[in-house]
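Take a look at this one; I'll ask things after.
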Amino acid sequence: MTLLRLDNVGKSYGGVAALRGVSFAVGAGEIIGLMGANGAGKTTAFSLIAGTQRPTSGEIWFDGARIDRKPPYAVAHLGVARTFQIVRPFGGLRVIDNLVVAAMYGHARERTRSAAEERAREILHEVGLARDLERRAETLTLAGRKRLEIARALATSPRLLLLDEVLAGLTASEVAEALDIIRALHRRRNLTLVVIEHVMRALTQLCQRIVVLHHGEKIAEGSPAEITADPRVIACYLGTRKA
Amino acid sequence: MIRQWHIALISLVAIGACAALPLVAGPYALGIALNILMWIALAESWAMFSGLSGYISLGHAAFYGAGAYVTVLLWMVVPLWLAIPVSGLAAAVLAAGLGWPCLRVRGPYFVILTLGVSEFIKYIVISTEAGLGRNGRLLIGTPSLGILFEAMLGLAVLSMIVLYLVRSRRLGTGLLAIREDEVAAEAVGVNAPALKLLAFVLSAIIPGMVGGLMILRSTYFEPLQAFSPTTSFTIVTIAILGGSDEVSGPLLGAILLVLMSELLWARAPEIYMIILGVLLVAFVLFVPEGIVGRAQRVWGAAKG
Amino acid sequence: MTLNVLLSGQLLAAVLVLASLYALVAVGLNLVYGTMRLLNVAHGELVMLGGYVAYWGFVRFGISPLISALIAMALAALAGALIYIAVIRRLFRSARLLQRVEANSLLLFFGISIIVQNAAALAFTANNRGYQYLDNVVVIGDARIAANRLAALAIAAFACLVCVLFFRYARSGMAMRAIIQQRDAAALVGIDVDRINVQVFALGFALAALAGALISTTQEISPFMGFPFTVSGFVIIILGGLGNLTGSIFGAVVLAAVEVYGVALMSPSFRSILVYGVFIAVLLLRPQGLLGRSIRAR
């Protein structure tokens, strides 16, 4: 079943086109990768899906409803959650409260604060932040904040999770750990994931299918093996080797 | 360990004591107490919106003035027990009308916009009154100081209860998230425009009623005074002084400010204003969380 | 109100005088904002102080206000440089303080303006003060204009011209524009941002003081006269575009025109309603001005 569908989506700022005629679909339960050089339009695509911006052309459909004209909170209510490339924690709030907000306002709202805190504790445990419950979010390290970003998105109990370069800036071992967490979350929570990454190895290990963007257009789509062998992809990424 | 019911008990006793004040205190002391209650009511209401959401309103004088004006207009037309709540309602309607466009503007621009709007309304009322041929309005036969005091006590208590409830419930959680990062808050489902507007409207009701009560106290309505931006500045200074995150913050700030002004007003109003300015600057720079906020920080660090 | 009067040189002259003075105020405000993202709400108080320097200079020492204007400018420039070095620079150096202040910078400057206004009221008494200087009437075409207003217009316009040229051709001026455009890039190409900041404060303050001195020749001054200029200044810099210096000059003309013609069409008591009305309209409808960054909440 198709959960998310982009139909000929375009976004222009003034004269500059960040995205042009991009179409792809994501089935329920899939893990899709979104790949491309800086400026290829990946984060723009996320912003359009999440509702932070509106496409200048095309349509975006989520679970049978058209979402490209909805504000971010309405899209979140339908079950879409996202992380930001540059993390945006609620710094002055405690780690647990970051998730409580999401649990009380997100897709599957908890009715009481204690239920929300319950959900928060559970998720924080899953991502490995259980010890840091009471700390103010701004005191976390970068790696911690990245986990918090994912945890907060999860606290809305989403059906679709958009992960924007959550591995950037992590060491090799941290990357491996994060991938394990993501895979576990995907299994346990019946999530659908769309993942933006620069770390090629991560994408090929994690995703069932990869969509490649270049200068705002989709140039390839397929399994990791197909993508890494695709001559157009290789041409655009001069010398990118299958990792 | 201080438990919630300890605080509730102490509060009830304190409120009871205050309620009995008109029986023992003379008009001068009662007047000071009335002022303290007035600023408590104003600042707690302001904190419910601005303190929690981070959208600093420098225009709450508009709601105070609007409430005063409505009470004056309804004087002798409608019984007072009706006129005051209607004044609060009028302020809420004004807030709804203003909030809808103004809350789209962020940060410092919201601050100066609210100030500009408050001044704009002031001059419109001045013009209207002039157009009606009115040079100030005098009210004769207003309620006694004792009655006004009890009413203001009610508003002050109400404002603290409201701030407490909002802060500890879902609305407060959402506002705090907006204050931290509005974009991230919307991404997790917080309907920021709706929450901001709701809090803004709620924060206008009590100031409207306070304005009505105070105009009954002064018996003379004059737009320049009723809509004076000094009211807005004082509210903000009180909240910054005492801290706007807890119910106790504006309470402390109001008491400190009124007591201090009592010591200085007799000398010169300019000195009072200078001290206000100095307090504002000093606290913004060094103690932005207010006295209560700083005390909590120190307490928390001491507990370890 | 007959069309004749409306189209008269009289009103046009009034617009030009007001616009030139507004432009001085606005450029100074915009300069500080553009380079450092600080909204100096106390800017109007500088105008007020400039006025008082000219007043005392004339009334006490018999110095022509035009000379006092230079003294006021020098004093203001010095004050600006000192304030930057002693306070603002320290603010920028402390990351923790900066984070707090940015959120509350407006309140900070409000506090300062309240202090300055009331200190002045205490020192000078709150009464309006005025003096006669060059108040013979000059007739140009069908306009009758007081010589002091003509002089104010001439000097202010000249100062604006000098500013425009300064920003275009002088190294410091171009550096300022570079910083306004892209602060980080400016530092990378070797611009000593700190030194330029000092100059920005000095220049911004000096322009305001000049405006104040000139204004004191044309109208009465009081300790609380500054705030309306701050408001007008804000309207203009948003109209012309935050950070757009020449835009401020156009914005000044627009606001002056709205004020003068608006008052002529309605009545003087509507002046405040008009100015604040434009203020609100600009903030709500054209948050990005003609060219500038958006101030919307999203």
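Each chain gets a letter, A, B and C, in the order it is written, and its residues are counted from 1.
The rule is short, and it goes like this: a contact is a pair of C-beta atoms (placed from the backbone, for glycine too) under 8 Å apart; a residue touches a chain by one contact, two chains touch by 3 or more.
Please read these numbers as outputs of a predicted model, since none were measured by experiment.
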From chain A, what is the lowest number of touch steps before chain B is reached? 1
Farthest CA centroid from chain C: chain A
Find me the chain with the mean Cα position closest to the mean of all the protein Cα atoms on display. B
Report, in whole Å, the distance between the mean C-alpha point of chain A and the mean C-alpha point of chain B. 43
How far is the middle of chain B from the middle of chain C, if each middle is the mean of its Cα atoms, in Å? 33
In whole angstrom, how far does the Cα centroid of chain A sit from the Cα centroid of chain C? 48
Residue numbers of chain C (touch at least two other chains): 298
Which parts of chain B, given as residue numbers and ranges, touch two or more other chains? 183, 192
Expected list for chain A, residues touching two or more other chains, is 52
For a test of understanding, state which residues of chain A touch chain B in their complex under the given definition. 50, 52, 71-74, 76-77, 81-82, 84, 88-93, 97, 100-102, 104-107, 109, 113, 152-153, 155-156
Please name which positions on chain C make contact with chain B in the complex. 39, 41, 97, 100-101, 103-108, 110-115, 117-119, 121-122, 126, 231, 234, 269-270, 272-273, 276-277, 279-280, 283-284, 287, 295-298
In the complex, chain B touches chain C at residues 54, 56, 58, 101-109, 111-113, 116-117, 119-120, 123-124, 126-127, 130, 182-183, 192, 233, 236, 240, 268, 270-271, 273-274, 276-281, 284-285, 288
Contact set on chain B toward chain A in their complex: 170, 173-174, 176-177, 179-181, 183-193
